[in-house]
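Data block below; observations after.
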Amino acid sequence: IVTTPPNARAQTPVKADVEVELKGEYQLVSRAWKKEPTPVRIGDREVAEGKIFIIAGPCAVENRDQIMAAAKAVKDIGAHALRGGAFKPRTSPYTFQGLGEEGLKLLAEARESTGLPVVTEVMDSQDIPLVAKYADALQIGARNMQNFSLLKKLGKAGRPVLLKRGFGNTIDEWMAAAEYVALHGNGDVIFVERGIRTFDRTLRFTLDVGAIAYMKQATHLPVIGDPSHPAGDRKFVIPLALAILAAGADGLIVEVHPDPSKALSDAAQQLTFEQFRELVEKARALGRALGKTV
Amino acid sequence: IVTTPPNARAQTPVKADVEVELKGEYQLVSRAWKKEPTPVRIGDREVAEGKIFIIAGPCAVENRDQIMAAAKAVKDIGAHALRGGAFKPRTSPYTFQGLGEEGLKLLAEARESTGLPVVTEVMDSQDIPLVAKYADALQIGARNMQNFSLLKKLGKAGRPVLLKRGFGNTIDEWMAAAEYVALHGNGDVIFVERGIRTFDRTLRFTLDVGAIAYMKQATHLPVIGDPSHPAGDRKFVIPLALAILAAGADGLIVEVHPDPSKALSDAAQQLTFEQFRELVEKARALGRALGKTV
Amino acid sequence: IVTTPPNARAQTPVKADVEVELKGEYQLVSRAWKKEPTPVRIGDREVAEGKIFIIAGPCAVENRDQIMAAAKAVKDIGAHALRGGAFKPRTSPYTFQGLGEEGLKLLAEARESTGLPVVTEVMDSQDIPLVAKYADALQIGARNMQNFSLLKKLGKAGRPVLLKRGFGNTIDEWMAAAEYVALHGNGDVIFVERGIRTFDRTLRFTLDVGAIAYMKQATHLPVIGDPSHPAGDRKFVIPLALAILAAGADGLIVEVHPDPSKALSDAAQQLTFEQFRELVEKARALGRALGKTV
Amino acid sequence: IVTTPPNARAQTPVKADVEVELKGEYQLVSRAWKKEPTPVRIGDREVAEGKIFIIAGPCAVENRDQIMAAAKAVKDIGAHALRGGAFKPRTSPYTFQGLGEEGLKLLAEARESTGLPVVTEVMDSQDIPLVAKYADALQIGARNMQNFSLLKKLGKAGRPVLLKRGFGNTIDEWMAAAEYVALHGNGDVIFVERGIRTFDRTLRFTLDVGAIAYMKQATHLPVIGDPSHPAGDRKFVIPLALAILAAGADGLIVEVHPDPSKALSDAAQQLTFEQFRELVEKARALGRALGKTV
């Protein structure tokens, strides 16, 4: 399918199979186009407006004991899905890059054991079939939000996509990135706000709750937030998580580790089980106060 | 009083009357120096940790009818103090600059009528005595956060100070600005987060809830948030206000106007009375859920 | 004079003595309004398009020996005016705040001795007459760019104004700030780009040469650049100074100190005399290559 | 090769074949590691310190006439290499995405005709062999700067890499991204500064000449600049190009089109042939003034 907006049509040298009349740079993901909220399924669960969906687990899958312990604990405390990275995008080539397929297998094993659906990152378009084989949802990291080649191929992935906002990207670019996935065949996109780069580096990133408030009116798709990366330090994760929900988000994705001080990545920002329990309790109380089904 | 940190003492050519041993660029406002939270009084009310203090009113005082109507309504709905600008910092010299002393008199009249203490901005160090004569608390706008001459003179103002964060200023600079006020004699400072400038201009400013979460641990003084300026549009004010509170703030300062569409400034972002009522109700529900006294 | 744009006229509660039809938020400083470049005089010299005007001297006036040595050296090497701060805006109240009037007197003495006109900062509207008594041009620091009360009073200062861009301010806000000065009676404004705050903090600020290129087309007033503050380290000052000129600026304001390692402020970024000589030589070569009168 | 820094070694669960003692997050690209500048060859030409290397051509290859005309003109005027996109990263899926392999063939034809080596972008790791078959150098776009999977595979591409800085990325991240390419086998990396995202959106991006000044001291590899993307409008391209060179860059990559008003992408910012001629003349004059071989 090649779809061209009216103003591009005259000059474009490629032939269009289907022509769709567009009003802007994106349409399929816009609430102007579809008024009703669209729930997105992850495994046998549903991320949907009016509820709070919590995805929790370690930054990276490190070994069987770690992921099994994490999966069991977050399940018992109240998570709806398990997260954990097998392919890790790391700033430096000298740091831990993830276990790869071995990590994916451990995640699948944790799903077997707990019943939690699994969310994990895919970094390379060539790995989509491999990751899709093990995972219930595919996460696209902030640094790949405008990897358009990857986005196009996600259209055929057969799995819902968690699209993290790039830390240097505007809200419009985020919407247009989701449009790539949707236009190429996959409308199951969940937006994940995770903080942007600003001049203030006191915390790791600046969580943009305004983007959440805006997106809840601009898109019919679910919007969730990641409090761990903007916090950068576990002592700020709970207030940021509550701010995400208060701004209207449909859920959270949060890093939890059996022993954060020994984590191979993001050691400072992962929650202990005890802290995760406190977060879930507060999130439920806040959700009830704001009229959500908890 | 001239106080110098150890490393400046050797070279400084000015004589110090008092010498204080410092550990950083600020101390008096830091929670490392004073562990217990410090409540700050505005008139006969108190801004304090564990409660939600709501300051509401129009962007600018425009005339008697407008400010009296606004004061009565926000009082009835649940505000604890009245805001309204008499001296207005405006980007362009061709826009409404405020009523000046006439506006201050109208604010005092509104206080008489409603019992609400009054918060208003002072822009020039020469106007401090005038504004302090009418107002219960002095607001320092974002653009004056590093007007050090003004900050020093606020040390002798005899009124509590609401110190808005500059939209281009780091958290450390904000703390140091408050230190100017405190060091010159006035420890009654309330920090106001109101959004920063970032590359994303979808909303008017990027509300930095991370700064609120951080400041609640870094200072013993109250921290409140302004959802109106980052929103820029009233349809985003309520979710931002709730995010401010969920991140841990001790209160809100919010723009409310009897007829926002006719406002002489910030027309798009002022709430109607009806919207303000919805905000107060949700804020109370959220406060109760998080264990605050409402 | 009270001037109101058309769309504000209907609602504004203040009476206008003169009514001017405006097309935007500023006009007097715009090249759309006045096509020919406007030179601005500082003492007996002129900052003008097609030339390179160099203002040099220490960050702060520290004592007689220091300022006299600096003035003599920068004069001999090729500066057209002397800079030096007597009132210093400092982030922390515990650092050196400047010598005040004593510093102004030393600057005047340096002018007597070298013939260089003097540029120095004014921070408080109450100090304008005092500073204007000693200085040939008044500098407004980045943190005061939107101190509108100060800007208005500069309209009657009787001295040209160097208006530094606020590090959190847009180009439009910079133009509108200059409009305040011009509208209140003083059209002699020189714009100074000195770097903005961005997410990258490798250097102290991000020098915005795009702003220089833009401003040279947008205003008829002179535009110069400050390479010292964005560099933050003297080893980057020369390339930034050359970039400023190559982008089209009409001059430079640069920090030079007899012994930078002993400076009471900005020690890392002040040039030695030797480095300043290298800068002037390269600036002249570059100016000639680009067709400027050097 | 798996190389781990000392502090990661203890915990890492993967076996290292070779162990290298590291001092930071990157080393191979650092000037602390290799003092002498490293020239990088593109076809039969060399990008090297002390010279000015100019890469020019259209944003995208659109058809044979357009690319042949552009190649001939930029060659005659003085370019050292031809640029042109066959795979185009576009914010919206509804805009022209490039001609793909057909575009690569046209580029190769233009090289045959003019002798200019060809630089073009690769967006997907799967396309590396295809693009490398036709191109003399592979460009990595800003949005892929942290596409680590792509970076690793470039280590085996057998072609020099132009690594554009991500508009949301710090200088350290840029260096670390190049380290990925170098560590995986390809040390021929050229850094391309092309502007970053900041709060000021007057121009399209904020050109960071401070990054150029810094990088020339921090890396031994060539650093060039792209004035077209930060300008966003051709009337600002020449001053930005000169600022890039004055800040110390080793060359330019600039968009030039036979008829910019008809371009399928970036129409506003592409130079006409006449403007490109003016740019080359000024660049040469400036280069000579600064002691470069032109």
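Quick notes
For clarity, chains are labelled A, B, C and D in written order, and residue numbers in each chain start from 1.
We take it that contacts are C-beta pairs under 8 Å (C-beta built on N, C-alpha and C of every residue); 3 or more make two chains touch, one makes a residue touch a chain.
Remember, predicted model here, so these are calculated numbers, not experimental data.
Two copies of one sequence, chain C and chain D, touch each other mainly through matching residues, since over half of the numbers at the interface are common to both. Greatest Cα centroid separation from chain A: this falls to C. In this assembly, the C-alpha centroid of chain B lies 47 Å from the C-alpha centroid of chain D. Each chain gets a centre from the mean of its Cα atoms; for chain C and chain D, those two points are 35 Å apart.
In whole angstrom, the spacing between the mean C-alpha positions of chain A and chain D is 31.
Residue positions of chain D touching 2 or more other chains, listed in rising order: 168, 172, 196-199. Against chain C, the residues of chain B that register as touching in their complex are 3-5, 8, 11-14, 22, 25-26, 62-63, 87, 89-97, 99, 123-127, 143-144, 146-150, 152, 166-169, 172-173, 176, 179-180, 183-184, 196-197, 262, 264. Across the interface of their complex, chain A is touched by residues 168, 197-199, 201 of chain C. Those residues of chain C whose C-beta lies close enough to touch chain D in the complex are 168, 170-172, 195-203, 205-214, 216-217, 230-231, 235-236, 239-240, 242-248, 282, 285-286, 288-290.
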